[in-house]
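What follows is a short report on a single structure.
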């Protein structure tokens, strides 16, 4: 049962990663990146690493995404600019 | 053409990498070299030797303390690098990008943040101080601390935060992480032990454990406060724009 | 005293670290004080490093257990012959900080002065930590510390192209750090340990050869990017030419050598010591690429007009020499690689001194005139005789003219390559040397034997704080060439131990 | 190895395979996308993929988080705490690299007015 949850999460990771690559709108891409980080946090909870899940949720999904958003707001929003 | 070549090369690399990882012993088996070599000692004596019920915290602070010193240094380096590239914010000259834009701030956001912010900060300190017993520790708490500063800045404006977290103290907080390791390490060297030893034989036997806890808590708080301050400063330096 | 020497390696790292962290605090009210503080810190570290090196050559390697935990459980600092490069780092660090005083005040805003000195100290901290640590993950952490501060130091001035140069370096550097981390991850999975010597022991016991081989390839790619070898050298010219001159001296003199130290640690400290995997295919490949690197660097340098660009391309060419020297290794007969190894190691040492001299001289000239094109600098030698004299000595050294320091290393590498049966590498090296000679003759000719151009008639000699490091370094270029046995006495036991021979090894025929 | 063995290996080491695939996806983004912000999203994906690999290599089926507290008996199986300690450091390093890269991008945009690598090459 848990194993299938793991597999679903890992496949979802791949999907979000491809989503980050394919999205032309950088704002959307960084939101998807945030989702990727959250999924990673859950994967780590599944691998019995609560410390990492906590850090990834705060740093990967929180701080890094905010830094990406600031940069996008100060520079360009479309990928080809 | 060029893109096709890149995709093809990466595909070959992918096959190579996948081959190198599937020949590894099955994941999750207790007989793997990663799970049999060093770990038994940590599981047996880690709590007693490391001084924390959470083995991860024990390893971070005690067995591999030098790595963690490098880690807090990396945050400090990142902060210094951002300052070197973009410069420090100045309340008189700068304001935030969010304030320049014409988007009205919602009352709901303000109310919610006003209500939640104290609890987030409290939670951050709980995570920092309770890291030895439960999941958490210095850096996790520091990241939450930094995140709380970020949401407060985004809701209540740049000037308030830059003034409240005045540079006079923030400069001290930013260096708290490496400095706390420096102090803990030098205490050990002056006691005749190796750098970053927490169990000091020069202290009377009954107090040894107490001194160790004191040092560990000091280092935890240093990492937390240092990380939080550095994240806030990075954020403020990146968010600032010149006033008209 | 022995007790104190035992602590010295870690104290070096700590001194730089604490010095860097305290710089913004001590210089909060008076920004210019940060120079004196940084200089004091670097002298203190120099004291510790000389003590550690002295202890190394009298009593053998220092193994220091951080926190008192024995090696596979805790982190070990292993101060061996490779780590004696820290002495070079601290000496050059102190000289370059002294040089920075006037140069940087002129180049960047006063409020950024503490940031500059903090970053320089952190860069030195990272390099020293990288060279002394005996733990793979710790190696990665220090690699990141030194790379990050290096990226930022390039972009510290407000000039237009610096951000782009720094960014290029950052992208390639980040990928190479990733490769190193991936290598550490694979090796950790195979061996279950992070300590280098323990890893070497356990590498022979475990089956998946493919994984260990992949890890080796990832390490080699990662460290070769840091060292700027041929296909991945593209970041170096811009980054080293556009950085402020003292930073260029640090980057060219020391930071690219860190990649070499990493290669030595991984190939010789883990894989050769482990002895389970035949890595000569990889080292051969490295050697061929190094031969191409020598030619490419020398060739491009010939067509540059910007004086710092010439030196930057020449760095690429010299990295080729060093990597060629250290990749002359035979898996079964280690003594066959001895001469090449001696040449490679001694070239690490000499190139650091020579290239720092060159960049510091170029910096002094740019500081005084504001020009960096060779065509604008005609006849400068008559106006700045000391600086240009030092520049000439260093130029002759790097071209490998006999009484100077550059000769001895090329001699050893060529001998090693021929003895190893790699005549083509030796030929590449000699062709490269001819190019190098040609373009340094071009520089010397331009600065001494041409009529001064109009705008530089008013120029006079550089200030004393810049001349002192330049003169010291130029004199050492001569001294280590004339008295070549001084560095050789230090290098020979190092080369022998890296190859697994006894430290007192003497090759057949002397 | 035979096909069934290959599938068995792919199944038991699925985490590793996913990690390596993510590594390649990140590398692809870094190499082929012209936008610098996108490149760094790719780099972050690469970093997390290696973290996933290291943490997976310390996992034990049915293992608990390495925290000694209530409900822990002598026969409780714990996962390997070392990878977790390493990756904690790794996450911080990844964030630091990203922060530096993004601030460089802001400066680059102020100076050159674009974040497209192809256009930046032409500017030079």
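Letters A, B, C and D mark the chains as written, and numbering starts fresh at 1 in each.
Rule of thumb we're sticking to: a residue touches a chain if its C-beta (ideal position, glycine included) is under 8 Å from a C-beta of that chain, and two chains touch if they have at least 3 such contacts.
Bear in mind that the values here come from a model prediction, so they are computed numbers and not experimental data.
Trainee: Count the C-beta pairs in contact for C-D and for A-B, then report the pair with the higher count.
Mentor: Comparing C-D with A-B, the pair joined by more C-beta contacts is C-D.
Trainee: Using CA atom averages as chain centres, what separation in Å is found between subunit A and subunit C?
Mentor: Here subunit A and subunit C have centroids separated by 38 Å.
Trainee: Between subunit C and subunit D, what is the gap in Å from one C-alpha centre to the other?
Mentor: 30
Trainee: Using mean CA coordinates as chain centres, what's the gap between subunit A and subunit B in Å?
Mentor: 19
Trainee: Please compute the C-alpha centroid of subunit B, do the same for subunit D, then give the distance between them in whole Å.
Mentor: The separation of the two C-alpha centroids amounts to 18 Å.
Trainee: Can you list every residue of subunit D that touches 2 or more other chains, as numbers and ranges?
Mentor: Within subunit D, residues 14-15, 21, 23, 27-28, 53, 56-57, 59, 65-67, 82-84, 86, 88-89, 92-93, 95-97, 99-100, 102, 104-107 contact more than one other chain.
Trainee: Which residues belonging to subunit C are in contact with no fewer than two other chains?
Mentor: Expected reply: 137, 141, 144, 148, 151-152, 155, 163, 188-189.
Trainee: Any chance you could list the residues of subunit B touching two or more other chains?
Mentor: In subunit B, the residues touching two or more other chains are 17, 21, 23-24, 32, 34-35, 38, 42, 54, 56, 64, 67, 70-71, 74, 77-78, 81, 85, 135, 137, 139, 234, 238.
Trainee: Strictly by the criterion at the top, what is the full list of touching chain pairs?
Mentor: Taking the chains two at a time, the touching pairs are A-B, A-D, B-C, B-D, C-D.
Trainee: What part of subunit D is in contact with subunit C in the complex they form?
Mentor: 23, 27, 30, 36, 39, 43, 46-47, 50, 53-54, 57, 82-83, 86, 89-90, 93, 96-97, 100-101, 104-105, 107-108, 111-112, 120, 124
Trainee: Taking the touch rule as given, give the residues of subunit D at its contact with subunit B in the complex, in rising order.
Mentor: My answer: residues 6, 9-10, 12-17, 19-21, 23-24, 27-28, 31-32, 53, 56-61, 65-69, 77-78, 80-86, 88-89, 92-93, 95-97, 99-100, 102-104, 106-107.
Trainee: Sort out for me which residues of subunit B touch subunit D in the complex.
Mentor: Answer in residue numbers: 3, 6-7, 10, 13-14, 17-18, 21-24, 26-30, 32, 34-35, 38-39, 42-43, 46-47, 53-56, 58-60, 64, 67-68, 70-71, 74-75, 77-78, 81-82, 85-86, 133-135, 137, 139, 227, 234, 237-238.
Trainee: Within the complex, which stretch of subunit B touches subunit A?
Mentor: Where subunit B meets subunit A, its residues are 54, 56-57, 97, 101, 127, 135-137, 139-140, 143-144, 146-147, 150, 231, 234-235, 238-239, 241.
Trainee: Quick one: which bits of subunit A touch subunit B in the complex? Just the residue numbers, please.
Mentor: Going by the criterion above, the answer is residues 49-51, 53-55, 58-59, 62-63, 66-67, 70-71, 73-74.
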